[in-house]
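Labels run A, B and C following the written order; every chain starts at residue 1.
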Amino acid sequence: MNGLGWTLSLALGAWTIALIVGTLVGVARTLPRGILPRLGRVYVETFRNIPLLVQMFFWYFVLPELLPVRVGMAIKQMDPPWGSFVPALICLGLFTAARIAEQVRAGIQALPSGQMQAASALGFGQGNMYRLILLPQAFRIILPTLTNEFMTIFKNTSVALTIGLVELTATAREINENTFRTFEAFGVVTIVYLVIALLAWQIMHRIERAAQLPALAGGGARP
Amino acid sequence: MIEINSVSKSYGSFQVLKNCSASIARGEVVVICGPSGSGKSTLIKTVNGLETIDSGEINVGGFRLAPEVTNVAALRRSVGMVFQSFELFPHLTVLSNVTIAQTKVLKRSKAAAEEKARSLLARVGLSAHIAKHPAQLSGGQQQRVAIARALALDPEVMLFDEPTSALDPEMVNEVLDVMTGLARQGMTMVCVTHEMGFARSVANRVLFMDGGEIVETAAAAAFFDAPRSERAKAFLAKILKH
Amino acid sequence: MMVDLSAIASATPYLLSGLWFTVQITVVGVTGGIVFGSLLAVARLSRNRLVSTLATAYVNLMRSIPLILVIFWVFFLVPWAIGWMTRSGRPVAVGASLTIFVTFVLFEAAYYAEIVRAGFRSISPGQYSACEALGLSKFHAYIYILFPQAIRNVLPILLTQTIVLFQDTSLVYVISATDLLGAATKIAQRDGRLVEMYLTVGVIYFVVCYAASQFVKQLQGRLAYGAR
């Protein structure tokens, strides 16, 4: 099952990119002033309002044509799996980043404004304030929706078959075309996706439990 | 220690602070009181730059704050602040709440910061709770942690913004006791509060605000026994009825 | 690289016919998806264990696998299934459009079901009791009382999912259907105009989806205001 390997590495690689870029863009959107919040909005609206498949084609077909000829040729001549894998990785990573950015922004904005005031009153700079105070809390808030996104990224890897990456779904199609055992080919792959979804959910569920903060039974003090 | 000179501030067309001036000496305890919406909280937050000002200037221990001054990091290190809703960091333990600014802002070593935190937490009577998270504490305990957190940076001034308003009545005293102790040790304190008993027994002076103005400044005893302005009389009559 | 605008102009009629198919898929997908999805949502709330378990299993299955895989399933298996049902034993050719319509209803219903279910859960339990107390039949209670409230409560999410559905239609590319993206691809390959075609469809998708999402945002604001 080589296809499974490509599906998993594409999903996990893109997830890493998405977490990093998504967090940065999400934070940028919550900054009080300057150009960054606007740039963040442009990023999110662009990547959210164009279908993933069209973005896939953009990275694979269009970008090499727009770059200087030398660079474009170098990209087109990458060896087979990488020539599809790298554009797919960038595409899926940046696409998912826009969705994570929205969640991070919502998480930060859900925090009471007093948290930001308290951190500034203690002399924290903006970087430390986000890193130590706001983001750790925001991520706890958005963990459930993040779980959804993590499960979605495995499904979205299938779009990479359109630019020639032989991942899980493409494997099923190939087996079907070569053997005509339609039911078996697609059946096995469907089950594999189910198992992946279950595992992804398990992983996130464990993280959620580990990140849970202790609280007083029965509520405790409400400020 | 603190000089507030002709400070004004507006939100759009609404003027929250109108030409406020006050002077607070080192070691003095000043209570700011007045009806809600009078600008008390806004005024106290201008002192450490949490609220910007439109005109005038503020001097805190040699640091000059004016509308155009934006870098207030140095000021905040010497001014501690306690909030109405505590604002402890819920994802950190009690001990980390008190150490984090020491290590990240003042760059103290972890060991030194923890030692300081333990002694401060002992001082506010919370030694038994240092490993807990804020949500596991009562409101009064949380506010005492917040005081320890502010003291950990060795501030020269402590600001209190209605520190007991969010507390159940039975927890008010434990927080006021800590504040009283602090005043007795000579801390310069500015407190926005409705606790008139505390104001009368601990404060040196009272600033009475109404409608964004500082209407009256008087020694605590004089203010309660013989308020000069009509507005202060009306306010006291209302508040002392309860 | 020069972008050739005349290539876009001459392709416009064909692109528009592709867009028309995209709109058709969206409309069928939304209508069928919400109807079937609502039935699934009600089934999941059913006291009959078998019914609720089957509905739950269906929804979870569909939500765990990629849409492309479902398109392939329907594309390759529906001809066999029809052949088997008509007892001819041989696969019967089914048009790409029908395959696609069936797929989108089956797939999107799972997502709409979850949204509608969230809508039902947002209704206060008192409403259910009130319906019973008034002697309304279950059917009437759902049709006249519960369903309208549920839909109203989740309307923005429902519309957002529809924008996602509109974008998802581009995936019919994998069975070479001629939707907006399919039309663009065919011209792009015929004329060697990849850059112009893909940029053009990118802009079209963006304009439609951005306008729709702004509308949803406004609606959300108005609904929140009305609730106050």
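Heads up, the rule we're going with is that a contact is a pair of C-beta atoms (placed from the backbone, for glycine too) under 8 Å apart; a residue touches a chain by one contact, two chains touch by 3 or more.
These figures come from a predicted structure and were not determined experimentally.
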{"item": "Topology of the chain contact graph, where touching chains are joined (line, ring, star, complete, other)", "value": "line"}
{"item": "Taking each chain's C-alpha mean as its centre, the one farthest from chain C", "value": "B"}
{"item": "Closest chain to global C-alpha mean, per-chain Cα centroids", "value": "A"}
{"item": "Chain centre separation (chain A, chain C; CA means) in Å", "value": "22"}
{"item": "Distance between the centres, which are taken as Cα means, of chain B and chain A, whole angstrom", "value": "43"}
{"item": "Gap in Å, rounded to a whole number, between the CA centres of chain C and chain B", "value": "56"}
{"item": "For the chain A and chain B complex, residues of the former touching the latter", "value": "112, 114-115, 117-125, 128, 132-133, 136-137, 140, 213-216, 220-223"}
{"item": "List of chain C residues in touch with chain A within their complex", "value": "1, 61, 63-69, 72-73, 76-77, 80, 163, 167-168, 170-171, 173-174, 181, 194-195, 198-199, 201-202, 205-206, 209-210, 213"}
{"item": "Chain A partner contacts - residues on chain B that touch it in the complex", "value": "45, 48-50, 73, 76-77, 79-81, 83-91, 100-101, 104-106, 132-133, 135-139, 141-142, 149-150, 153, 166"}
{"item": "Chain C partner contacts - residues on chain A that touch it in the complex", "value": "45-46, 48-55, 57-58, 61-62, 65-66, 151, 155-159, 161-162, 169, 172-173, 176, 182-183, 186, 189-190, 193-194, 196-198"}
